[in-house]
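Taking it in order: structure first as structure tokens, then the write-up.
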Amino acid sequence: MTGIPHPQPTRFKPVSWREVEEGCAHIAEKILATNLNVDVIVGILRGGWIPARLLSDYLGVDTMGALEVKFYRGVGETAEKPVITQPLIVNVRDKVVLVVDDVSDTGKTLTVAVNFLMHYGPRKIVTATLYVKPWSMYRPDFYHSETDAWIIFPWDKAETVVELVAKRGLSIEEVSKITGESIDFIRRIFETRNKASTTSSRAGQD
Amino acid sequence: MTGIPHPQPTRFKPVSWREVEEGCAHIAEKILATNLNVDVIVGILRGGWIPARLLSDYLGVDTMGALEVKFYRGVGETAEKPVITQPLIVNVRDKVVLVVDDVSDTGKTLTVAVNFLMHYGPRKIVTATLYVKPWSMYRPDFYHSETDAWIIFPWDKAETVVELVAKRGLSIEEVSKITGESIDFIRRIFETRNKASTTSSRAGQD
Amino acid sequence: MTGIPHPQPTRFKPVSWREVEEGCAHIAEKILATNLNVDVIVGILRGGWIPARLLSDYLGVDTMGALEVKFYRGVGETAEKPVITQPLIVNVRDKVVLVVDDVSDTGKTLTVAVNFLMHYGPRKIVTATLYVKPWSMYRPDFYHSETDAWIIFPWDKAETVVELVAKRGLSIEEVSKITGESIDFIRRIFETRNKASTTSSRAGQD
Amino acid sequence: MTGIPHPQPTRFKPVSWREVEEGCAHIAEKILATNLNVDVIVGILRGGWIPARLLSDYLGVDTMGALEVKFYRGVGETAEKPVITQPLIVNVRDKVVLVVDDVSDTGKTLTVAVNFLMHYGPRKIVTATLYVKPWSMYRPDFYHSETDAWIIFPWDKAETVVELVAKRGLSIEEVSKITGESIDFIRRIFETRNKASTTSSRAGQD
């Protein structure tokens, strides 16, 4: 992990698909242990979608909806704050709603999601994330485990490679070691992302 | 695969997460080879969500939306037809839209999705699926490969186990062999699904 | 107004279309006097829609959206509370939003609407109603006038006739006098509503 | 009507609120005469909203939704075409849906609205407009009457005044005569619109 220009060594936690599946199965078991009968699963865009989809399979809940939360700095404001950019359009009145995200880091996303969804008149809202950071101001009702490391989810690999290479000067080989992913696949998605951003900026010029 | 009470031996194609990732990377590469610059990715609920999320990572497209299509038999009708149960609420006017599903089987889902989204005035709609069945009446613009087997996606494992055990009388061990998944994990999600449906029917009694 | 079985004589305030137009023009002038530049008008379903549409004409704002608020009693609760039954699906981030209703009575509808819409990250939310009741716990930013009477809006005539005749035993002639509407038109919409509810209950029997 | 710089004298049809109410009552009666039991009323934004709201009162249907259709010229296209800019988010599967607009002129708006809503799997869709133009390529299922004049609806007064004064050089007095509205009210909403557009362009400069 040498070569990372960071004040102190960052610890990475690459998460395998197997850990994602076992984490979701673990959460499903915890939920069932409370005798809770989930009616609707809401996946937070974009981090929560894949665990939400797996929980839908494990819990046999086929009513799913999306809720998108993005962080923006408002006009004249200094700090970014979470904003609802796509409201849920599934009826959840008097229903038990499970809101799913991949990680609760600051905890702001889930806090705003729950406050927002309370206005729909659900019977109950519970939240689940695969991981929770120790400093999170919000504790999800259900989670798989706690970690203070930089989590690399399977759905963030390309994003992570771009960030580690472009912003931290790491090599493909170093990223391969950190993520536990093969050099070939890391190179492949790195090149795909680069080509996509080139296409995108060319298109922006028209 | 003996023991399956089916007119003719069903061939199964269990898909690993590695194949999902490589299939999505393959699709991303095909899209970029056409110099197409995708603005918005629309994931079809519930099958298309996980490949849509991976393509969002590989293509660097962070605007995603959901479109839910379900099959229903209308009043007085004999055949099921695809119905939009959650419309897209992302603005795609004059945008290039990539619609993603896991498989194009009959082809009806993608056909209705494209017809529906055309009304939003997009600049262009293209479609992608991991797999396509040879008999599909609709050919996605981009796909990973063709197969006539019963595909078992990683996000359908619990659903598949329940179906193979309950409706076809297979044992956990047989399902483990078919899916290439460990007996332990198959048993675990099978028990979770069973417990969930028990909770659910109990709740239904109140 | 004799014959109304009510503890104390109810005072009615029938509102003419002319008063609706002048009230909306008055609100538009008040808004402009503050140099506020409205980007989006949100009409609360179902009371706010007609004034919202007129304000859209007077202020030249052609971006409008709907927000539906209904009152329900939750499971195990004694009091009804306002619930969002249709969220706004127009993007209002960093926009000036004008939320419109016909009257602020308890004030609960506008309170929940504003709290809900704050999550979308607007630049500013202001509210307007034609009338406000003296006991309303919420004062709209802009309103035409205050009254403690039972307001009869032009879009509530059929509802009002049904209620006054069926629940209070008034005659068509008495309702005509109260509303200032012709006996013929009152009778016409009363018969329409009755026929509609008969059709509706017949349909419910199949 | 002298002074209008138009190839041939335009005939105007100003519609009073009384005519709006009687037109909507007429439509409600026609619908009930067919024994149709409407479940959901969809108002087309922005023209259809006020008649939709009145029909909701007359028919006693309290489930309403919005559908916005706007005309745009696509990239590289010569003619404008109707585009869905806000999809309906009310569930209408197996329901009888009444789609309402103020006028069917070219007929394109209702055609696209019906085609779009068919994808939601309704039991039946019927359409209603107050007026229909003789050349409309689409005949609504229910309408009040036919006219080839330039219709001035009560919710288009300010828009109409601005257009007749700015683009056709008419005076406030001429517009007053055409619309049958008092000079005072015409002047009032004309000044409001002008002030609003000044505020708006000032705001655009920041």
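Labels for the chains are A, B, C and D, by order of writing; each one numbers its residues from 1.
To be clear about the criterion, contacts are C-beta pairs under 8 Å (C-beta built on N, C-alpha and C of every residue); 3 or more make two chains touch, one makes a residue touch a chain.
Bear in mind that the values here come from a model prediction, so they are computed numbers and not experimental data.
Novice: What is the chain whose Cα centre is as far as it gets from that of chain B?
Specialist: C
Novice: With chain centres defined as C-alpha means, what is the inter-centre distance between chain A and chain D in Å?
Specialist: That pair's centroid distance is 44 Å.
Novice: Just give me the whole-number Å value for how far the CA centre of chain B lies from that of chain D.
Specialist: Roughly 41 Å separates the two chain centres.
Novice: Report the inter-chain centroid distance for chain C and chain D in whole angstrom, where each centroid is the mean of the CA atoms.
Specialist: Computed value for the inter-centroid distance: 21 Å.
Novice: Send over the residues of chain D in touch with two or more other chains.
Specialist: Residues 87, 89, 91.
Novice: Touching pairs of chains, all of them, please.
Specialist: A-B, A-C, B-D, C-D
Novice: Under the touch definition given earlier, write down the residues of chain D that touch chain B in their complex.
Specialist: Residues 72, 74-75, 81, 83-85, 87-89, 91, 93-94, 112, 115-116, 119-121, 123 of chain D touch chain B in their complex.
Novice: Going by the contact rule set out above, which residues of chain D touch chain C in the complex?
Specialist: For this pair, the touching residues of chain D are 17, 21-22, 25, 28-29, 32, 35-37, 43, 45-46, 49-50, 53-54, 56-62, 64-66, 68, 86-87, 89-90, 154-159, 162, 185, 188-189, 192-193, 195-197, 199-200, 202-203.
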